[in-house]
Amino acid sequence: MPHPALPALAQASQDLLAAVRRDAPLVQCLTNFVSMNYAANALLAVGASPAMVHAEQEAPEFARISGAVVVNIGTLSAPWLESMLLTAASAGQAGTPWVLDPVAHHATAFRRGAIQRLMDLRPAIVRGNASEIIALAGGQSAGKGVDSRDAVAQAEQSATDIAASRQTVVAVTGEVDFVTDGKRSVRIIGGSPLMPRVTATGCALTAVVGAFAAVSRGDAYTAAVGALSCFSIAGERAGALAEGPGSFAWRFLDALAGLEHDCLTRASPLR
Amino acid sequence: MPHPALPALAQASQDLLAAVRRDAPLVQCLTNFVSMNYAANALLAVGASPAMVHAEQEAPEFARISGAVVVNIGTLSAPWLESMLLTAASAGQAGTPWVLDPVAHHATAFRRGAIQRLMDLRPAIVRGNASEIIALAGGQSAGKGVDSRDAVAQAEQSATDIAASRQTVVAVTGEVDFVTDGKRSVRIIGGSPLMPRVTATGCALTAVVGAFAAVSRGDAYTAAVGALSCFSIAGERAGALAEGPGSFAWRFLDALAGLEHDCLTRASPLR
Amino acid sequence: MPHPALPALAQASQDLLAAVRRDAPLVQCLTNFVSMNYAANALLAVGASPAMVHAEQEAPEFARISGAVVVNIGTLSAPWLESMLLTAASAGQAGTPWVLDPVAHHATAFRRGAIQRLMDLRPAIVRGNASEIIALAGGQSAGKGVDSRDAVAQAEQSATDIAASRQTVVAVTGEVDFVTDGKRSVRIIGGSPLMPRVTATGCALTAVVGAFAAVSRGDAYTAAVGALSCFSIAGERAGALAEGPGSFAWRFLDALAGLEHDCLTRASPLR
């Protein structure tokens, strides 16, 4: 399938933002403790309805009424992993798209095992930093913890390989973002150097990718592109006003909430 | 018992705010992961002393030295529910008032079972949004997740029914808040349209209701009215300055902390 | 060992801040739910790399690649305590310094037992408020919850006793901070009255103490002094601009991130 012209992709992204704001999709997050508040606020800022529902007793059931499910292994533990597996499976059965954030999956044996089991449940979209995506493709990454120590450009081939072999969409974020479904790909510029200096910015992005997936009728590629484009523009705007990471954090939420209906076509960050 | 004249109720509310600031009551919260930080900051802003103590091994013991206990099922799980039940029972035995926030209790079977067991332990005050209160009275609510999709006006009868049959105070919050003990009731205006766009605002309110209950010598009705009045005034002030949900969140904490000693009588939002 | 002259101590502190920024040490936190986000942001603001990794299945393994481990019992539970004990032991075996924040350890029997087991694993640094340190030395403290109701001056002897008997460094924070290794001691002035009105400020400090310990090559005393000095200066700067606790919280992160390379020698808060 040929890649759509960039203006058409920007228009499709913008339509998804409008749909998120119109439909306020329920986005269920099984995410880490660090990011819960910020991810919920980012979801509200774009117009979605966050639901942090994680327990084994209810999360799989809830996935059947959710518009999308987001799984993030940042503060993984055995009971949470069990629930993530059941919930991802339930989402799959219900046709609910689910998005995976493989935080620091290469750091420990526990995570390495967990991520393989989660990948086997076929996420619609995987969103990670360069170190995480390189390691996910089996490469040698420089990262040890949650921060990337590799450049996105070095992860593009890994992302394409994973997307093709797993039939998923992979979004790698960093200075220049990269989105691919294994055949098509696009780079997204913009954002702010302050983004990696605010914890949970990446996790919040993964949650917002879920919001876009919820209204995308199966077009996971455009969903990822749309969410990343919004973060790029809002990040640039917040960065222009912020005096440091503390002020960036709230200015970014203001910027996300203030995105005009035509921002993605007027000033598309797609390249 | 006839309803007190509104100026007298505003005066009693104001006296409770002064008492919170003077006594700095210890407010124990078993609340959800999303709201913990914001609820603790809201408690500090009004002058209370937050204690997020939740484990089964100590929460029931801690309830005996707490001024009030707040139970919020937002991110419920089996071990937390067990501890909530033991702690609410311990609070009841110790004469410590406890407040219940039935977040999305109608969303899953697990929650539906949990909320009945908690209600049977007789909370002094229940604080929820319209969808939650309608569902708690057995009605058909439009809400699926944590956001209300019903108007408060439609929940007033449900609130009154619950308050009367359970001998508790019910506070429904939304565009116009409603508080009732089953016989008396009052509406509270003010606030800001940005409040539902900041996650955990409702949970923080429930925590502050706990602070007021801790100093109210058993007058749960005035405690709820006082806490909601403070949120209404602070919300209005923060909303007048905020540029979006990100700036609203911290401006609201500043406004809560800056409430003057006579704000509740000078500009009462009671109707 | 004689106490270094204060200018030399300020210089050594400043060198540690530079090292944190240069090396971005991985700081593993097993901390409470309330503080996770704010502590991670404080670590990023000083230049460290936060990793909130807590599960028994991986936390002890992760401690071997961490630059420092921070254990904070604010929202303790049985599984977390088990993991904290294993991780602290692993850190000890690997030569990774670990820092203990004994939040409200005197409040319940569960905490009193936990803190003794943790202390026996020999933390490099203990950071607490006056009530916590007095109680840790076996004294009668006035505090019940997480807030101190004692003055730091009254905790100096307790801190010195603990440091000497346990061969650790103890940092007591409050209006005037106090750091001791049992033989040497120093007071640190500055900060802001708004600091105790923002939840998790103390927990964030303990995390940053960990960052300094990670680059201190075993000099725990200077690590504690350096981290506390940074908080003191950043707190003073944020306090001069803040309109309340809400604005203080983010201005403090901006101030931490904006500390100039020579701030600790130019305007040393050491006394």
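Things worth noting here:
Letters A, B and C mark the chains in the order given here, with residues in each chain numbered from 1 onward.
Everything below uses one rule, namely that a residue touches a chain if its C-beta (ideal position, glycine included) is under 8 Å from a C-beta of that chain, and two chains touch if they have at least 3 such contacts.
Just so you know, these numbers come straight off a predicted model, no measurement behind them.
Viewed as a network of touching protein chains, the structure reduces to a complete graph with every chain in contact with every other. Both chain A and chain C derive from one sequence, and where they touch, under half of the residue numbers involved are common to the two copies. Superposition of chain B on chain C using C-alpha atoms only gives a rotation of 120 degrees, nearest 5. Averaged C-alpha coordinates give centres for chain A and chain C that are 33 Å from one another.
Touching two or more other chains at once are residues 33, 37, 249-250 of chain C. Within the complex, the chain B residues that touch chain A are 32-35, 37-38, 74-78, 104, 107-111, 144-147, 197-200, 243-247, 249-250.
On the chain B side of its complex with chain C, the touching residues are 24, 26, 33, 36-37, 40-41, 44-45, 49-58, 61-62, 65, 79, 249-255, 257-258.
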